[in-house]
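In the two assemblies presented below, chain A is common to both, partnered first by chain B and then by chain C.
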Partner chain A sequence: MHDLVAITALGGPEPRVDTIGGVTCTEVPHIALASVAARMGKESKSTKTLAKLIDAPTPEIGRWTGATVSAFWAGSDQWMVEAPFDTHEDLAAQVEAAMGDAASVTEQTDGWVRFDLNGDNIPAVLELLCQLDLRKVSEGSAARCSIHHIGCFVLCRTAENYSIYGPRSSAGSLHHAIVTAMRSAL
Partner chain B sequence: MIINHPLLGPRDASEFTYLGDATLINRPDWQAENASEAFYEYGYVRDNPAGEHQELWYHEAGDRSWLVVTRNTLTHEISKVELARDVARARGRSK
Partner chain C sequence: MTQSNRLDGGQIDRNTSLSFRFDGRSYTAHPGDTLASALLANDVRLIGRSFKYHRPRGLLTVGSEEPNGIVELRTGARKEPNTRATTIEMFDGLEAHSQNRWPSLKFDALAVNDLFSNFLSAGFYYKTFMWPAAFWEKLYEPMIRRAAGLGSLSMEADPDEYDKGFRHCDLLIIGAGPAGLMAALTAGRAGADVILADEDFTLGGRLNSETMALDDQNASDWAAQAVAELSSLPNVRLMPRTTVIGAFDHGIYGAVERTGDHLATLPEGKPRQILWRIYTQKALLCAGATERPIAFENNDRPGIMMASALRTYANRFAVTASQRVAIFTNNDDGHRTAADLHAKGVKIAAVVDVREDAPTNYDYEVLQGAQVVNTKGRHGLSFVEVAMPDGSTRTLDCGALGVSGGWNPNVHLTCHQRGRPVWDEALAAFVPGADLPVGLSVAGAANGVMSTHGALHSGAEGAVKALDLTSTPPDLPEAEDAPVTQKPFWYVQGCKRAWVDQQNDVTVKDVKLSYQEGFRSVEHLKRYTTLGMATDQGKTSNITGLAIMAEVAGKSIPEVGTTIFRPPYTPVPIATFAGRMKGQEFHPTRLTPSHYWAKERGAVFVEVGNWLRAQWFPLPGETHWRQSVDREVRQTRASVGVCDCTTLGKIDVQGTDAAEFLNRVYANAFAKLAVGKTRYGLMLREDGMVMDDGTAARMAEDHFVVTTTTANAVSVYRHMEFVRQCLFPDMDVQLISTTEAWAQYAVAGPNSRKLLQKIVDPEFDLSNEAFPFMACGNVTVCGGLRARLFRISFSGELAYEIAVPSRYGDALMRRLMTEGEEFDVIPYGTEALGVMRVEKGHAAGNELNGTTTALNLGLGKMVSKKKDSIGSVLSEREALVEPDVLRLVGIKPLQPEEKITAGGHLMNTDGPVDAAHDQGYVTSAVYSPILNSNIGLGLVKNGAERLGEKMRLVSPLTDLTVDVELVSAHFVDPEGERLRA
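Moving on to the complex of A and B:
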């Protein structure tokens, strides 16, 4: 029997936490992800089914919605569904069963690393990191952008709480970028 | 240069990559009689206008959409930005 130790995307046994100048960057594991892409001609059916699944209106362009199971807009007729891993380990299977033949569902869990920023003055960090127009970013925004040439999603949960998703294989580079920007800006 | 993305609003051109002439949307019918001539023209023959030019841009550092951008090659002024999907469907593709 193998005796394997679970490690996070950054390789530690526990999630990495960095606090600089009132902003905390926390590595967030234990998130289940699944992408949903509506099939041609099934766009409105997908929108309705996804709304039922997340128990909230399906996110409009550049937005996220939902609570325990939430979704954010990833592209035209495409969304990413997120949920706690502990209760939704088989998220992709659940979403696939719900969407039926209206959409294509792909498991994305652990394909991504998530860093949450908490604190005041997060826009000062983000404006060093990405090209998003932060005056247009508000609670409920979700945008894809490039951070140090890494394709990321930036979600604004509240004015003091942002989530950044990046590819898990670039977790170290993304973490370095975020912490460096925090040191410079704060 | 700023490209006014039809869904996301103004975005810096550095978020996009350029593919080329938007006539690439008009892929010829491979079963047609003149397929070899049509594909020669599709692959190699381009207009090189001094003025309005329709071109394909990819929003790589954004929502990964393909756009048809109408740009004046003399002034770089962008007069129109459309989703390539809409343009292709308007021309009878993907039906």
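Moving on to the complex of A and C:
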């Protein structure tokens, strides 16, 4: 077991939590990510294998599915697999083993920072942040968008629970944008 | 002060009193007032001084079209100049000042300009301040600027928050008058997602200004009831205080919501304004119409206002501009104002109607076929002179004059995508043309439908058509449906100083002068006279200006044409466009994994794109950056240094065709690169110029990790995606960026291996034999953490790059520093990095400047002829391979202390210094602490063959000449022995 101590994307030892007007924004570092991109001609095999891996139908365009290990659509025949970090730090290796020669798998765990929004009236915050048509966003949605000129994914877990993924190096700017929008909207 | 001009009724809350100050005096008002209505209520007619002649001016209108009543609102850092009093919603403690006057509003020294008006006609500045040219910047311009009628800035940063947002709807309705409300009711009841936006704080448009009935209700009550119903519909979003400022592509509209302008103080964190981008399926413009004035002699005195504005002030705000009012009109609407004011107890001096068949009235006198020919009153209107049809003159004693020249539909948004309005003869006005922005339709007065019934009907119909509704539209309330025709009457003949554009002090005479002097195109007229410029954008003046131009040109108005309307519809603070993106948040910032550690070490940071990189790490006692950088270079070359190079782009390339894909993307060969090896690669653009350089490490048969320069990380990724998706869609290749995922550090210097041996787990053999130069592989560090190790060198030293998952980057850097203590390890920044790469002769961004080929950079042999790759053919164009093309060389001054200047040009030792004799230029320049000399890299004609030649480095602009010698670009370790050690 190595002895290096991790810091969060915002630079702290513990995740940052901000609560404003009934909505909580939580930095979520305990997530492992691996990207899956189907190899040419193996799209169907990839879809089936991924479904088995996440124990749920492979997500369609703009959706996420799964439970402990889940996946969201990231592009044409591309997905991002999410799992708890503590039990799946080697997620990329696990996914690679599962996908075999059907897909290319890349570790993405620390490529991203995740902020979860919990509470009522989250759409009022999101409409200040991104151009998504929130009328069409519902439980199970996963959409790519730009927040504060930062490319992000927005996942709707439930009406009161959203996840925002942004590039890890921009965590501070993204966090500032989210918290400012929360102050503004709530 | 008492509100001596208050009337009965109105939509104000008389139970609450608000206090406000104008030019230092205290007044009272009520909620529901604007600053304009409150000033009138307190009998303040004089509000500002005009732009050029500093003439006393008051309010002309009641809305956002106001040209005259502009003030400086609030104080201190929140001061906002050029704010229209007619749109400022009253709040307790409001403070405003008149502008463009000195020393006071009543006595303004520059009013002397008015006496010289004959000299200050259109084009005065262009004609007068021509000579001497040197005077313009230092004397004329500052002088004119001081005199010109603009408010003053606070010169402090705006302390308020602003925001931006995005909304979506099926139907955006712009304007909440009768047409807009009816459209919203129709679409809302049918279940459509509707946004109804209006610039006013009370929705209802003209319905709030009129005394007419809709069914058996007062018009404003009907509007309030409609608004109440719309508020209850979950699918309808009402946006009062929101101006739709522009119609943009694909049904996207810009809208400014003034969320905090009406508050004395903003709640913590709340924005003052929000700039919304509204994505629509369809949009319906219900922006109404603007009443147009008639120009006559001295028609700009405070108290002379639009007749409809007088009516709104009376009916909605319960205010009259004076207790004695006259009307000057060419249409029936002026009479409506007279009737309403009379009913409110205001004395009507007379209605002056240019029409000989004008309707008469028992309650007040109507002067048929008469015209207002002059006015009197120093700081406000006192008398009006009327020319009677029989040639006699009448003088009317009045403190306010309502003017009505008919109505112009508000077509602005229909023209935002270069659509042109068309002339409607019956209305004598422009109405929307056929080429509207996609998805936009127009209803109500904005479409030339001038009756209330017509507006209601066209609003409902507009919603039905826009959304293809099949449900039955709601029943229309009964409302007046009088036919409206407008006979044009633009200005009173024979007038000398009759104002067309009051905001810019443009008179009838100025427009005619513009024509005489040859500025006859509408666009030229606008620029020569400034007609229609500034905050009101000519909403009350443009058509009159066109009409006068048409008359003198002997053309019709449509033949003269219109200037183009552009967004924004009304002025928008720059801060609103910026939103949250200000100061340090102007753009997103990217931090490296070692950022917090570097900050603790006192690193000086530099922006590289969005990244913040450590530039150098000063130690106590170091007072100049060169001391830090020289030390970092010496120490790295002497022992070991560590540099965060996470910012270099990392692209994961996988797939069965990954090797062949890279073979095509890179100019040099990659297909046969062995697993566990890294290769330097050169990427060309299609035109043969160098796009980027970097390395590709083969982690497995079907897996490469490509690195790019920091600057080109995004563009190279984009290029590779383009190649993958568009050029070679049949290749099995998958790309994904992993730049952020790995914290990557360069560990360089003769002791780098020893240091890494303390970090990398012992089962991995780092000896030169087992892990030679250009090796790569997966390893573990610090007891089992997965890591990647590359033996590559940018410094020319024995060097590695070690990468761990980013969350451990901070810890790894600290560990490298602790474990490296025995080697006196130091961190180095981008400056030392730059010095060492110049010493080693590596091309970087300064050399990969978009104009250089591989041959220029001394890398011509890398462009493989044995295969095809992007750019390889065009890199051989004749002009690019001529013998004397620029070649990369090293440059040393003959005197080591003499500075090499990047950007300086190289000339032969003899001969002229000019472009024709230019031999090349310096791309990079540093001080080398290893060579104890300034050195540089440069591109010189046939440079490779000229090593040893003496030249002059010149910069004629800065009077610089340095004698230099061309040398090999590889100043340090030209044989590469160190990096292979």
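In this text, the second predicted complex is superposed on the first by the 181 of 186 C-alpha atoms of A that agree within 3 Å, B and C clash if a C-alpha of one lies under 4 Å from a C-alpha of the other, contacts with A are read in each partner's own complex, and residues count from 1 in each chain.
In this section, a contact is a pair of C-beta atoms (placed from the backbone, for glycine too) under 8 Å apart; a residue touches a chain by one contact, two chains touch by 3 or more.
These figures come from a predicted structure and were not determined experimentally.
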Which of chain B and chain C A:Val154 touches, first, second, both or neither: neither
Which of chain B and chain C A:Pro29 touches, first, second, both or neither: second
First, second, both or neither for A:Pro167, with chain B first and chain C second: second
Partner chain in contact with A:Ala83 - chain B first, chain C second, else both or neither: neither
First, second, both or neither for A:Met40, with chain B first and chain C second: both
Partner chain in contact with A:Thr106 - chain B first, chain C second, else both or neither: second
Chain A residues touched by each partner, larger count belonging to chain B or chain C: C
Touched partner set for A:Ser146, first chain B, second chain C, both or neither: first
Touched partner set for A:Ile122, first chain B, second chain C, both or neither: neither
Touched partner set for A:Ile61, first chain B, second chain C, both or neither: first
Overlapping contact positions on chain A, where the chain C interface meets the chain B interface: 40, 131, 133
Chain A-touching residues of chain C, taken from the complex the two chains share: 161, 163-168, 193, 268-271, 274, 277, 279, 580-581, 585, 587-592, 595-596, 610-611, 646, 652, 654-656, 702-703, 730-732, 734, 736-743, 780-786, 804-808, 810-812, 815
Touch list for chain B against partner chain A, complex: 7-12, 14-15, 60-65, 83, 85, 94
Interface residues, chain A side, partner chain B - complex: 40, 61-62, 74-76, 131, 133, 136, 143-146, 151
Interfacial residue positions of chain A with respect to chain C in the complex: 1-9, 11, 20, 29, 35, 37-41, 78, 90, 103-104, 106-112, 127-135, 148-150, 167-174, 176-177, 180-181, 183-184
